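A short write-up of the structure that comes next.
Letters A, B, C, D, E and F mark the chains in the order given here, with residues in each chain numbered from 1 onward.
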Amino acid sequence: MLNVSGLAVARGGVCVLSGVGFTLAPGQALILRGPNGVGKTTLLRTLAGLQPPLAGSVACGEDVIAYAGHADGVKPTLTVTENLTFWAQVFGGGGIGAAMAAFDLDGLADRAAQNLSAGQKRRLGLARMMVTGRPLWMFDEPTVSLDAASVGLFETAVRVHLAGGGAAIMATHIDLGLTDARVLDLSPFRPQPGGVRTGNAPTGDEAFL
Amino acid sequence: MLNVSGLAVARGGVCVLSGVGFTLAPGQALILRGPNGVGKTTLLRTLAGLQPPLAGSVACGEDVIAYAGHADGVKPTLTVTENLTFWAQVFGGGGIGAAMAAFDLDGLADRAAQNLSAGQKRRLGLARMMVTGRPLWMFDEPTVSLDAASVGLFETAVRVHLAGGGAAIMATHIDLGLTDARVLDLSPFRPQPGGVRTGNAPTGDEAFL
Amino acid sequence: MMPELGKYAVEVISAYVVSVALLGGIVWASLREGARVRRELRSVEARRDRADG
Amino acid sequence: MQHKDSVPISRRMSLWEYANPKKFMQVSGAALPWVGGLAALCLAVGLIWGFFFTPDDFRQGSTVKIIYIHVPAALMGINAWLMMLVTSLIWLVRRHHVSALAAKAAAPVGLVMTVIALATGAIWGQPMWGTWWAWDPRLTSFLILGLFYLGYIALWAAIDNPDTAADLTSVLCLVGSVFALLSRYAVLFWNQGLHQGASLTVTQDNPISDIYYWPLITSISGFVLLFLTLVLVRTRTEIRRRRLQALLNRERMA
Amino acid sequence: MIALLRRDMAVATRAGGGFGLGLAFFLVVVVLVPLSVGPDTAVLSRIAPGILWLGALLACLLSLDRIFALDFEDGSLDLLATAPLPLEGAVAVKAFAHWLTTGLPLTLMAPVLGVLLNLPVPGYRWLLASLLLGTSALSVIGAFGAALTVGLRRGGLLLSLLVLPLYVPTLIFGAEVARRGAEGMPVATPLALLAGISLGCAALMPFAAAAALRVNLR
Amino acid sequence: MIALLRRDMAVATRAGGGFGLGLAFFLVVVVLVPLSVGPDTAVLSRIAPGILWLGALLACLLSLDRIFALDFEDGSLDLLATAPLPLEGAVAVKAFAHWLTTGLPLTLMAPVLGVLLNLPVPGYRWLLASLLLGTSALSVIGAFGAALTVGLRRGGLLLSLLVLPLYVPTLIFGAEVARRGAEGMPVATPLALLAGISLGCAALMPFAAAAALRVNLR
């Protein structure tokens, strides 16, 4: 479903990760780990096609990835239902009932998103992934602000998605209950400072070195 | 240091918590818990004096509380040093060296805040508390986006603060290593639906009921 | 019936028409909004009274 | 509003906080039909009398009939703002909810009155001054008053929390009144030389004859009563809206 | 696409969405002109077509950041870029929604404000026509400018600065149509040029805007 | 206080902070006026003082939301409200910083733009004087408007709508000074009135603004 090899990514003109490679088959989940600032967000944005890689390749079908970043993509003045319906329509997907139920949003259906608490807003952001109908979900720190019960809802949703032939990648600092997910620690992929300079860590500045 | 009794707080005209009471002495820490949307943020803002309580009292000296909310109060275009120095000056405090060291920010000193990763920015926000010189720290989900090592730094900083006669209140969903902190679960303080209607849960709307 | 308005007929009549239309508009809007809110309030109160038993 | 409540007696003590929306609903509910009926009567009599049964002025021709709308509307445009100022002050000092809501309810009515005065003035200006609009001080300050209404209404509409909105709009109303006064003087200063003069004060110089005076008075009282009726109706709506919101909030908590 | 149009309209017309405020700004600018220039009617009616055009342009300009900035801040733009819509289409729809909620109401209001500035009677028709054509160009060009500045904080003023020079041709021809109309001169040539600009912009700008957006999302 | 002033200045002058953009907007508006009104020098020099004042006012207006909105978004305002500064003082300092980074540069730039509009020679001195006095009033009044709208999303246009009527007296007296100056008439009276307005606003508005801010932070 996703095949990454020799990937190098940069942020602010600095190469932060290089030589990243992995494959992901349907039904699998991959958890990205690494200390703050190692480049998890940068890597996910590259995979989602939002920024070009410095080197290496990302092999992935069209219209496969759904991406959920630090921000939720939620309009504060629209209600929970309106927000979800909009994304369902954009992705040509079906109903929003399942997503509302899975993230326990039914009680909040007519609340404007700006009146949600931090965790409730996050749940709405996560529910959005279910209405995209995309097979590969990518999350950047999905459990921020969530309480234990909501983290449970999230795990269940991911498990159901995997069982249905989907796949998921998530960057997170906490331990999720997804015991059979693979874990990829990004620390070893930091470009070596003393190493060959431009060989395996090319940046946009390469031409000036 | 802080004495709260019979406190009721409202958000969006709805009473979300009532009858909250506790005291906090120097050297103590209190952890607020409760599911998403129970009213932790609202309670903290009320304690910090940013919104008036519906009922009850908050007894607390002048210039005692330093508050850190969901947002960090960090100017994206200023560097880490400039940001910290500014807050140190506003609070008439001293140097920023200790805070920089405690949150491992020395390596980032001259980086503009907008170029920090999510966790690095959070560390900067937490470091701000150390330069306020205030004895009572209040955090709203301090460990969001932090990796394990940074959470360790945070715990150490809080422990040192407590040992020095300070106190701390924090709302969080994860388990911190602060084993001797008291935990206050907010769920029981939700106003009873079936109970006396306006008796113990007065809101601004009372006049209309 | 109609009074003789002379050469200013258009002005006078249009002034009256515009004003009456504006007044009618605000009256109508006020009443309609009032009726709508009252209806909603009734339904909510009925629901609540039922819940109270 | 009739519903049994199980509130302890002790909490009913604060009269301003608690009892007033209810009392207001009772009193206004009883008064409304009378005020409304009287308003309709006065308006109908005044306007019909003015339109059909007054003679033409020797200089202004039949356009003088516009006065029965123009002057009452202009008066109400100004006085509605004054009323909002007073009710805003009451809200800021006494925190009396009905007061804030009455100010909110009056604003659109005041705006409509202002617009009517402007429109009829413009229509009247075409035959009298040969132009729809001139930057005469009085007209200009009226236009600025209209802008204040717009800003005030927009601010109410933009804020969700009703008490916050009441506070902020009240502050705006106070500050705005000061600046409206300042603007009035500024405008007088600005257009001294080109002042349109005569036409506006015609009826003041030579005291208006009875034949125009009585229908005008009837019409003015009609406008006053209509304003009162509308404000009552709209305030009642606002109170109901608040109550509706309060009930929904309560439901949500359960 | 329809969903996007509907959502954008809903967001714009919801409380605080900015619909109506553009109109109010237009009104206020037009009112302030006599206050600053002085109440001389001859001068005012001479500059009326130009000022009306300028006021409409400024009101349009100020609401431009609505097109993308909000969607960027709350992350919707990232998601739209990965959605199964061509980004060009999304840009065009968003520009159209902006025109419907800004340009169109401005156009309809302009004649009323013309009265305040003593616009000569024959001018009204051509003012309307030129604004109707011109504001659509303003919206599409503005969408391009908004796409260029979308990632920047407080892009608002920078946006104005970038877009204003791009508005120059539209403004010149539009104001020329209105001025000639007001003075009773023939308007065919500038009107044709204005129409050309509008059509060209509507056809090409969405591509430029989508390209800029892609770069900014990196 | 000094720290706050310094920080606000630093944020404003840092890249993307908006310093310079107000100036650019002023420049562009003044350039667009001849394009829309037509190139007749007599007309232009007649309306020059008014247009310069209006342009400065609009440029000032557009940068108003900088005063509080950014601080609100990133949480600094909550923290400032709990800091050991009186909020009134903070408001005054922030308005002053806004004036230093907007009103002052606008004033200094106005004479240069006066050349573009053929402002008569005696006008320059009084244009400078009136802008110097007037823009300070604009900043303080603007701070009040910004405080009223700070919590609202896209408060920008609403802010303009609320503030513009409040600007009317300042604008009238300011433009009157500049116009009379340009025509060689005595300017003492409007200048005194302008000074009165500026002083009154500077003394009273911070209190109103701080009150509005407190309500908004609730």
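Assume a contact is a pair of C-beta atoms (placed from the backbone, for glycine too) under 8 Å apart; a residue touches a chain by one contact, two chains touch by 3 or more.
These numbers were taken from a predicted model, which means no experiment stands behind them.
Novice: Are any chains cut off from the rest when chain D is left out, and what groups are there?
Specialist: A, B, E, F | C
Novice: Out of every possible chain pairing, name the one holding the most C-beta contact pairs.
Specialist: E-F
Novice: If I average the CA coordinates per chain, which chain comes out farthest from chain B?
Specialist: The chain lying farthest from chain B is C.
Novice: Any idea how many Å lie between the Cα centroids of chain B and chain C?
Specialist: Chain centroid spacing, chain B to chain C, equals 51 Å.
Novice: Just how far, in Å, is the C-alpha centre of chain F from the one of chain A?
Specialist: Those two chain centres are 45 Å apart.
Novice: Hey, how far is the Cα centre of chain B from the one of chain D, in Å?
Specialist: Whole-Å distance between the two chain centres: 47.
Novice: Mind pulling the residue numbers of chain E that touch at least two other chains?
Specialist: Residues 15-17, 21, 24, 28, 35, 38, 70, 153 of chain E touch two or more partner chains.
Novice: Going by the touch rule set out above, which residues of chain B reach two or more other chains?
Specialist: Counting only residues that touch two or more other chains, chain B contributes 12, 70, 76-77.
Novice: Do you know which chain C residues sit against two or more other chains?
Specialist: Residue numbers touching two or more other chains: none in chain C.
Novice: Tell me, which parts of chain C touch chain D in their complex?
Specialist: Residues 3-9, 11-12, 14-16, 18-19, 22-23, 25-27, 29-31, 33-34, 37-38, 40-41, 44-45, 47-49 of chain C touch chain D in their complex.
Novice: Show which residues of chain F lie in contact with chain D when the two form their complex.
Specialist: Chain F residues touching chain D: 144, 148-149, 151-152, 155, 158, 161-162, 164-166, 168-169, 172-173, 176, 189-190, 193, 197, 208, 211-212, 215-216, 218.
Novice: Give every residue of chain B touching chain D within the complex, in rising order.
Specialist: 12-16, 190-191, 193-194, 196-199, 202-209
Novice: Can you list the chain E residues touching chain F in their complex?
Specialist: For this pair, the touching residues of chain E are 16-18, 21-22, 24-25, 28-29, 32-33, 35-38, 43, 46-47, 49-51, 53-54, 57-58, 62-63, 65-66, 70, 152-158, 160-161, 164-165, 167-168, 171-172, 175, 179.
Novice: Would you mind writing out the residues of chain B in touch with chain A in their complex?
Specialist: Within the complex, chain B touches chain A at residues 12, 34-37, 41, 70, 115-120, 123, 141, 144-150, 173-174.
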